[in-house]
Every structure is written in structure tokens, then in C-alpha cells.
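All chains are identified by letter, namely A, B and C, in their written order; residue positions are counted from 1 within each chain.
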Amino acid sequence: MRLLNRSAGRISRHRRGPVAGLAVLLLGLLMTGGLYTVFAPAQAQKAQSDTELVAEGRKLFLVGCASCHGQNGEGISTVREGYQKGPSLVGVGAAAVDFQVGTGRMPLAQPGQQAPRKTVVYDAEEIAALAAYVAALAPGPAVPTEQDYSIDGLSEAEREEAIVRGGQIFLTNCTACHNFNGSGGAMPRGGYAPSLHGVEGKYIYEALLTGPQAMPTFSNGNLSPDEKRDVIAYLNSIQESPEYGGFGMGGLGPVSEGLFAWVLGIGGLVGFAVWIAAHTTRSTKTQPIEEGAEA
Amino acid sequence: MTDSHDHTLAVVEEPITNPGLPAHQWRPTDLDERAAKRAERQVAGMFGLSMVCAVLFVVAYFALEIGDNFDTFIGLGASTVALGLALGGAMLFIGIGIIQWARKLMGDHEISELRHPASSTEEDREATLEALSLGLEESGIGRRPLVRNTLLGSMAMLGLPAVVLLRDLGPSNAQVADAEKGLGLQHTIWKKGMRLVRDVVGTPIKASELEIGDLVNAAPEALFPTEANGYPEIEGVALQVQKAKGAIIIVKMEPEEIKPADGRDNWTVDGVICYSKICTHVGCPISLYERTTHHVLCPCHQSTFDLADGAKVIFGPAHRPLPQLPLAVDEEGYLIAQAGFDEPVGASYWEREKQ
Amino acid sequence: MSLDTSKVASSNAAKAATPAKPSKVGGVAGWADDRLGLATAARKNLRKVFPDHWSFMLGEIALWSFVVLLLTGVFLSLWFTPSMGEVHYEGSYDQLRGIPMSEAMASTLDISFDVRGGLLMRQMHHWAAMLFVASMMVHLLRVAFTGAFRKPREVNWVIGCLLLLLGTLEGFTGYSLPDDLLSGTGVRAADGFLKATPVLGSYMSFFLFGGEFPGDAIIPRLYIIHVLLIPGILLGLIAAHMLLLVYHKHTQWPGPGRTEQNVVGFPMLPVYAAKAGGFFFIVFGVTAIMGGLLSINPVWKFGPYDPTKVTAGSQPDWYMGWPDGLLRIMPGWESVIFGYTISWNVMLPILIVPPTMLIVLILLPFIEGWITGDKREHHLLQRPRNAPTRTAVMVSLMTFYGLAWAAGGNDIIAITFHSSINNITYFMRVAVFVGPAIAFFVTRRWCISLQRHDNDKLLHGYETGIIMRSTEGGYAERHLPISEASAYTLTARERDEIHTVDSDTDANGVVAPGSRVQALRARLSEKMYGHNVQKPTTEELAAAHQHAEHEHALEAGLDHPADGHQFDGHSDHTVDEAPLRGH
């Protein structure tokens, strides 16, 4: 990888120049390969009949999920009022399963305030089976396809427009919780809006659609599919953009800036002050050496 | 004992007498020509490095592109980083060189200087006081209280023009208030029958298309004028003023979860409920909504409101609930306002309750 | 060439050397003096003595970062358009292209993306502003903790406090100028603060914004305040601050040869000028490196201000953080009296507490001077431990500030440490009261025990770390007397005098006027000094030394340096003859 990259800063409209072209080609190849690995087994599954997939999913569900969500995904309420051991999965749709299991949030390691993102337990095939089973319980949002959350099929001008509009929708609907940089933020009583850095477009789309944890939903009657796609395009674009002004210090705004001003700035300058005022090495000799005496 | 005539210095001697300044100790560079030469080379080296950095700055300025084709360096803006490091180097090396010069090569004998009291000499004081009283005496200000008092009065009155001149900094709330146009703190642009539209895109919202758990950041339709809706053109400051008061959040929850306040039973449409987006504390827009608890949090100072319970404050520094917008649907099924807000939105102010 | 060590001046008393023949420098100086008569002032000041200590350079950081601010600020003003006129952005930053925004925001984006070095200058300006206020604050702490604000420097302390206030306001007006989403949110909150002012609130808001928020006037108005009004006053006050510094001569730490009557240090020319001048380049350099490497205030990610948008982590710059923290932990109190709204939830944390803090700060030297009744001039600094009550008051104020400050970042603390905003807020509501009280008592006792430790060193010497076994088999640590210079330095402080009231009534039994005030003063003086440990008297010292001499031989002094090899047969070498480096 070249350290000095002459085009990485640009998005869509400006993918030009020999290096950029090469980079895009490489990126394209990598993505195609990557997507193939991800989707190939799923496509293989398509060969099976849906019923088989659902049956497979039910088996997995009974082993891994039923203890909290109930034998038929109806949810388990416990003694404490308002506290659910596991919510009902009837009608949450395949998208919710794909998000929760695909990002490792489910199965839950321990009941708690909020399920954190962690290592994924199931493979793509198993997730598809689980999703098919839950989708079969009652109709709900389906797993989005790449066309839903990617702007690759659009023209240059459309892409740029989508990113700009996505940015405005992002700043209106998302930054309040997830912060201007997608770095996440605090919610009441220990809850938090997680960081969006490095989250795949598919999962963002699914999260918007299904409202995981305490997040509100952005159903298609709320934000149209195109608007959701634009938000994802904007997020990708700011992640691809360089940090124009240097290291971002966590992208958390003035708090981290203040911390750096004190620790690095004042700390460093006081260090210099100590050096400036420190006494230099002293000789133990009391008389200057005569000129030429040491020659 | 008055402050003015006491210039004694604090005394700190006893119980041990001051041994006096210790004898000066020479530095290696004072005594050894070679050490001095080495220090000299160090200092000159620093200045040389600074020159190199200055040249690098110029090179970076012209070589690295910004704007449409931002050059990057390990994911950072190359121009900013390079210019910053080169300028920083050019400056730091001069600084370090000069300090090193002072530490190693300049004479470093500590010398002593006597202090003098901060006050003037007694003689000067007396002369000044005398001159002052003579001047005052000659002016007759003490003997002619009428002159003195009227002068003081006229000076005080000069404050009036100074204050009055600032009056036209802006109109007062009463001067701009206009219920029809939604101007003034107590009015918004919301009116009976105005559609609620999605913020940014300006599309109307069908109540039936919303799902439980949805949060819509919305705006009055009048802020998105089109030929179809017939609202007058609005932009610039006028638009910002209306946005600042008209922004709303719409959420949909299970209808039975809503605890309607007195007289607000029919303000919701099938679990869809709408509040002002402007915090009643100091006016930040708030939309940190938790679908599960129906709480909405302000990111500025963490006031938390329960949208299921009339947007009552359940935590934080805000005092008043968020104003609620009564909803209805029009014949096409789109959400509309039954009426405007029945109270001023946003931060409290002195005469708020009077309006 | 090495220095001619025989001809170095040791004081300023000697007559200035006259050059044998007119040099070039002399010629220029002569020409200037013929016209400006500068020699009289220069004679006194060119070799003026400044004491050398790292803590005396903290104010210099502030001075030099102010210079960096002036330089980078001028650069920015060449491109910045302070206007709220609406334009559609058509610059280089793709993600905002075509978005309507104010000219202020558009020109800020242009400076960042279309002016080479513009982003660097913006970031340097912002970092320098953060450092400016921060260094003023650490400078203030140094002055307060060492008692440098005592007579005759009270006026300079007041000027310093005003500089801190103005620096903060300058910072606020500055970071609001780009009209981006984050700063706009701050301006909107400021509008809320104005509106909370009793009676005049809505008028003040309408006058400042030129109409209803956000109006079209705020940016140009903040701009002229930011580039002309406040910098002008700042410059004047900084000049006064420095003039007074030169006039009073700098304070110094006590030590051998350093007394209330003199000032010992390096002459202005060349050493001090070089060190101070060199420090300017260092401050500039550090700011430039921070500006180049660390992204600050990425306005392009915030986007233009829009009153319907907001971002998580909406905080002001650090120096406005503590009132914001108070605002966050304040309960939602508001009352309606005779139909008028009084917003305690905004007034207390913003309009009442911060101004009160500033007034308390300004009054500190005057309050202390009144309680102690000390009218003498002080030029020797006090170690913080030797003024336990003052140190404790300052630490207590710092604790309050620090807690309020942390409360201003409660959301960031919550996500960084996975805790609950609510719990942090509840904790802070208590902590801002309890914390300063605890800090006060702990600091005071700590200082007093340090004083005791100093006295132990004076009377019994220092702990060598050498454990000696006596013939009886007992173990004792050997104490050795400290050097005369250190002993003198430890004793070079005043004895505290507790103010007492002679008598409440005069000879005729009439209560003396103002005796109630005097009694209060005496009580405060007793509280302030009563527990302090005073330095030993000459007699105590003599008795202690005599005692040491009569001690068991093991407790007696060693005849050579205690380097840990006294008794193990490895003490043959002598440090004195160690060769000089480079020989």
C-alpha cells in the first residue's frame, strides 16, 4: 500500500486518474470476491426448498434461541412487570434476525441493559435459516438486497446527489444519538447509541428498518428506501474521506479536543518550560582552563 | 495604620542567617573551548534544520494538492499534516536553538538587583497631593456645589443616549409578534390543517404507513413550498426562524400506551403522537428517542421527557413538558395539525405565561 | 570562543562599560536616542533581572499563544466572510455541495478546502485559543498557590482575572463564527440563557440577534466583537499586566542570597530575552504541530447550522465546559410568580454561579489581606504548604471547577466508561457540594503535616535511608543535618501572626466602633493560622543541634558523604575527583 495516496480523498464523481482507476478496479475485485464468499452459500441454499430452510432454522432456534424467545418465538415474560426475558419475534421479520445474529448481538451472552456487538456465533448459512424460520412466523421486513443499500447502480451525478441528501437526512435523524461522525453517544440510564464505524451497509439498513434494542424504527413509511440508501451512502463517503485535518481523536467533539489541549499542549509546553529554566550541567572546576593549556 | 504610608517589606530572616548567594559555578562550555564549539555547532545545527523545514514548507505548499483532489497521507490530509509539521519544525528548531544558545553559551551569571517599594517617594506623594488640592481649589469645585452637581448630573444623563442608541439593535418580541405569519416567541407557523412533512425531503406522512416504534423528524409543510401545496416562498432568515420553532418529532406507539393529558384525548391518531422538537430548557432540538421506554433525551443537557405521558420531564434540568401538537388526518390519509401549538415552544422567558 | 570569565558582571550596580570606539550598534542606538530619548528607559531595563523558574513561564505560554492567535487570526480574516447571507455551497467538499448555508460557513469551508494552509491556520488558531485560556488558568493557579497576589500585586491579579474572562468570551465568540451545527447549537443555548434573564430576557435576545432567533445579525456582530472589541481590550490589559510586572519586578523563591529586598536572576539582555524569545518559537512550533496533526472542530462534518438538527456530544469548548456542567446537573426548577417565569434551572448555573466565582476570584487577595491585616510588601513566594488555608481554598475551588467541568462531559464519560448518564448526574449533584469541602480539609491537614515534616528536617536532619544497628541490637535510621543553604531556604518564611482584638470595649465601657467586624476578623485569622506549624526559633534549633551532639555515636554526623558505601569498604573513590565530561 502506498503511504501517500493521491486520490483517496475523493468520492464518486472524482474517481479518475491512473492510480484512482487502479484502486477502484482492485477495490471492485476485492468486493466482488468478498461478496461472493458471503453470499455463495446463501445462494446455494436457495436451491433447497423454503420449507427445508425453515425446518433447519427451527432446529437451530430451539437450541440457541428458544430459552429466551420461547418455543415458537412468542417471547417469554417473567415475573417482574415490564421486564421481558426475551421479546416476541413474531412479525420482526428476517431483517431483524439477520441484524441481531449477523452482528453477533444475539445470542446474548448475558441479560443486560443493551446487547453489544460481538463475535458472530452462527455462519451465514445458519443465519439465513434462522431468518427464514422467524420470517415464517409472521410477515416482517425481509433482509435487504445489495441494490437496497448500495448506490453503485446510479450515475455519477445521482450518486453525488444521494450522498449530499443522505448527509442531511443523517444530520436530521441520526446524529442526535450517533454523533456527527457516527462515533456513537450516550443514552439514558447507561444505554448508548453504538458507533457506526465500519458497520456494513446491510446492517445499517436492517437497523433502520427494525429498530434494534431501544432504537426507533425508520420504516418505509417513515424514511423511504431511497432515503435509507442515501444515509448509508453518506456514511460510507465520510468513512472513505481522509481525515483532512489530521487525527480525529475519536471524533467525539470538544471534550476530546479539550483533553488533548491540556495533556499534549499544556503538558508539552510546561515540559519545555521546565527544560528552559533547568540548570545546565555545572563543572566542578572553579577556574577557567587557561587558553592552550589543554592542547 | 493606613495602607498608603506603610511600605515595610516582610522580614523573613531568623533563625538562620542568610548565607548569601552561593559562589558561581562554571559550565563546561565556559571552561572548555571544545565543549563550547560543540554547543555552537548544536545551536547552528538547530537553525540549519529550521531552514530545511522552511524550505520543506514551501515544497509541501506547492506539491500537495487540496480541494478537488485532496492528497492523503496514511488517511490524513497530506497538505495540512505536511505544512503543520514543516512550520512546526521551522519554529521549534529556532526556539530550541535559541534556548540552547542561552543555556550553554550566553553568560549565565545570576545577578542581583535591588527592589524599590512600589509606592513613590514621600516627597513625590506630598507634592502630588499638593498639586491636586491646589488644582481642585483653583477650579472651585468644592466651593461651587451647584456646578459640581449639575456636571455630575449631566455626565450621568449621558448614559441615556448611549443606552438608547442601542435600542435599534433589534425589534422587540412585541414588535415582531404576528400570529398569522407565526412570528414572535409565542407563535409558530403551525396552523389548523397544515400537513406534517418529513424534514429535509418535505414529503407528507401517511399515518397508516407508520409502524410502531417509528420516529419521524418532521417539519411544517409551509417550510417546503411547492406549486402543489401553494405555500409562499420562504428562505434565508425567515426560514431559519420558522425552523427554529416549528420542528417536531412524531412517534408511533401502541395506542393504549399513551396516557393522554386532560383535554388531549383526541390529539393523537392511532398511536401517532407529535411534540415540539425544541427542548423547553434552552432550546436544543431533541430527538434521542428510545422506542422501548418512549423517553426522549436532549443531547445538550440531558433533559429527559416521557412521550407516552404528555412529554413530562422525568430527568434533567428542563422544567416544562414539550408542547404537544394536536394531530388529525386529512381526506388523503396524511397527518395534519388540528391546530397550532397552544403554548410558546422552546426556552422559558420572563413574560411567557402572560402570552 | 569560551567566555571571558574574569569580566562577568555579578550585579547591575557596576557602571556600564563604554565601548572604546563607536560600534555599528552604538551608531544606530545613538541616532534613535537623539530623536526618541530611549536610553533613559532602556538603561534601566536592558539588564533588568528576571528570576528563572519553570513556573514563571506559564504566563508566557499565554502571551505567546495570544501572538499566535493574532497572526493566524489575521490570516483567517483575509478569507472569512462574516455574513449570514444564504448561499449554496459550491466548493470542493462533496458531501455538502449544493446545500444552502450562510456565507460564514461557506467561507470557512473554503478556507479549509480551497486555501492552501487554510485548514492548518484554522486548526492552529483553534488550538492556540484552547492553549491561551488553559495557560492563563495554570498561570493563575501558580500565582495563587504561591501567594504572588499579595501586596503590591493585587491590581495585577485583578487584571489577570479580567484577562481570563475576556479570553473565555473571545473564545466563545470565535468558535461561534463558522455558523456550523455545533457552534450554532451553542449559540442557541446562549439565546436560551439570555431569555432566562428576569424582566429583560426576551429583549436581550431580540436585541442581540437583531430580531427573532437566529436572525441575520449575530455572526457579523460576534465577528466585530471577536476581531476588534475584545482583542483591543485584551491587548491593552496585557500591556498593563506586563508593565506592572516590570515595575514590580518579578517575585522570586526564597533561597540563599534571595531576599525581600532584591531580585536574583538573569539579565533581560541577553539570557532572559533569549529564553523568552525562544519560548515564543517553541509555543508557535507546538501549536503548528498540533494544528497539523490533530483535527479540531471539523465543521464540514457538522454541516451548516440548522435549528432542527443536533449532534450527540454537543459540548462547548473546554473553558465553557464548567458552566455547561452546572447546567446539566441542575434540577429542573422554575417558578411562576405573579404570572412571570423565573428559570432557576438556567439562571443559577449560568447567570449567578459563574459571575460569583469570578468575583470571589478577584477578591481573594483582598479578603486575605483584610483577614491577615498584612500591609507589607511581599516579593518572596510562599510554598503552598506554608499557607495551608489559602492552598486549601484554592484546591477546594479547583475541585468545584473540576467536578462541574466533568459534569459538562457526562455523556462522553458515560460512553467511555460504560456508565449511566443519570447516575453520573446524581453523583455530581452531591459531589459539587461535598467534594470541595473534603478537598478543603484534606489539603489543609496535608499542608500542615508537610510543614511539620519541614520542621523535622530542620531540627533532626534528613532521613538518610541508612539503618544502623546499635550495640544493644536496636535499629535506628541515621539522620544527617541538611545543608546550610537548604536549612536557610526552609526557614526563609514569615511567622504567621494571628490577629487579635485588644478589647471589645474602651476605657469607658463603650463598645468600640467596628469591633464586631474586628472580632470576625480575629476569628477568621485564628481559623486561618491557628493550626499552622511555625518554623523553629533560633533557640529551638540550637537545642536540637546540641541534643544531636549528645546523642549516641550512631546518631552523629558522618565525616564523608552518605552515598550508601560508608561501611561496606567500597567508598574509596571520591566524587570530587571525578573527571569532567569531555576531558
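What we mean here is this: contacts are C-beta pairs under 8 Å (C-beta built on N, C-alpha and C of every residue); 3 or more make two chains touch, one makes a residue touch a chain.
Quick caveat: nothing in here was measured; it's all calculated off a predicted structure.
**Q** In terms of CA centres, which chain lies closest to the overall middle?
**A** Looking at where each chain's C-alpha mean falls, the closest to the middle is B.
**Q** A-C versus B-C: which has more C-beta pairs touching?
**A** B-C
**Q** Using mean CA coordinates as chain centres, what's the chain A-chain B distance in Å?
**A** About 31 Å separates the centre of chain A from that of chain B.
**Q** Where the CA atoms of chain B average out and where those of chain C average out, how many Å apart are those spots?
**A** Taking the average C-alpha coordinate of chain B and of chain C, the gap between them is 22 Å.
**Q** Can you give the whole-Å distance between the Cα centres of chain A and chain C?
**A** 42
**Q** Counting only residues that touch at least 2 other chains, which ones in chain C make the list?
**A** 2, 5, 52, 113, 119, 123, 275, 278-279, 282-283, 286-287, 290-293, 306, 308-314, 410-411, 421-422, 580-581, 583, in rising order.
**Q** For chain B, write out the residues touching at least two other chains, lowest number first.
**A** Chain B, residues with two or more chain partners: 26, 28, 30-34, 68, 70, 76-77, 80-81, 84, 99, 108, 199, 217, 285-288, 299, 302, 315.
**Q** Residues touching two or more other chains, restricted to chain A: which are they?
**A** Each of 10, 14, 168, 172, 176-177, 185, 187-188, 193, 243-247, 276, 281, 283-285, 288, 294 in chain A touches at least two other chains.
**Q** What residues of chain A sit close enough to touch chain B in their complex?
**A** Touch residues, chain A against chain B: 3-10, 14, 17, 165, 168-169, 172-173, 176-177, 185, 187-188, 191, 193, 211, 213-224, 227, 242-247, 275-276, 280-286, 288-289, 291, 294.
**Q** Enumerate the contact residues on chain A facing chain C in the complex.
**A** Residues of chain A touching chain C: 10-14, 160-161, 163-164, 167-168, 171-172, 175-181, 183-190, 192-193, 234, 237-238, 241, 243-249, 251-262, 264-266, 268-270, 272-274, 276-278, 281, 283-285, 288, 294.
**Q** For the complex, give me every residue of chain C touching chain A.
**A** Its residues touching chain A are 2, 5-6, 52-58, 60-61, 94-99, 112-113, 119, 123, 126-127, 130-131, 134-135, 138, 181-182, 275, 278-279, 282-283, 286-287, 290-298, 300-303, 306, 308-318, 321, 409-412, 414-415, 418-423, 576, 578, 580-581, 583.
**Q** In their shared complex, at which residues does chain B touch chain A?
**A** 23, 25-28, 30-34, 65, 68-78, 80-81, 84, 99, 103-104, 108, 198-201, 203, 205-206, 208-217, 251, 285-293, 295, 297, 299, 302, 304, 315
**Q** What does chain B use to touch chain C in their complex?
**A** These residues of chain B touch chain C: 1, 3, 6-22, 24, 26, 28-36, 61, 66-68, 70, 76-77, 79-85, 87-99, 101-102, 105-115, 117-119, 166-167, 169-173, 176, 183-185, 199, 217, 219, 235-237, 240-241, 243-244, 247, 277-278, 281-288, 299-303, 313, 315-320, 346-354.
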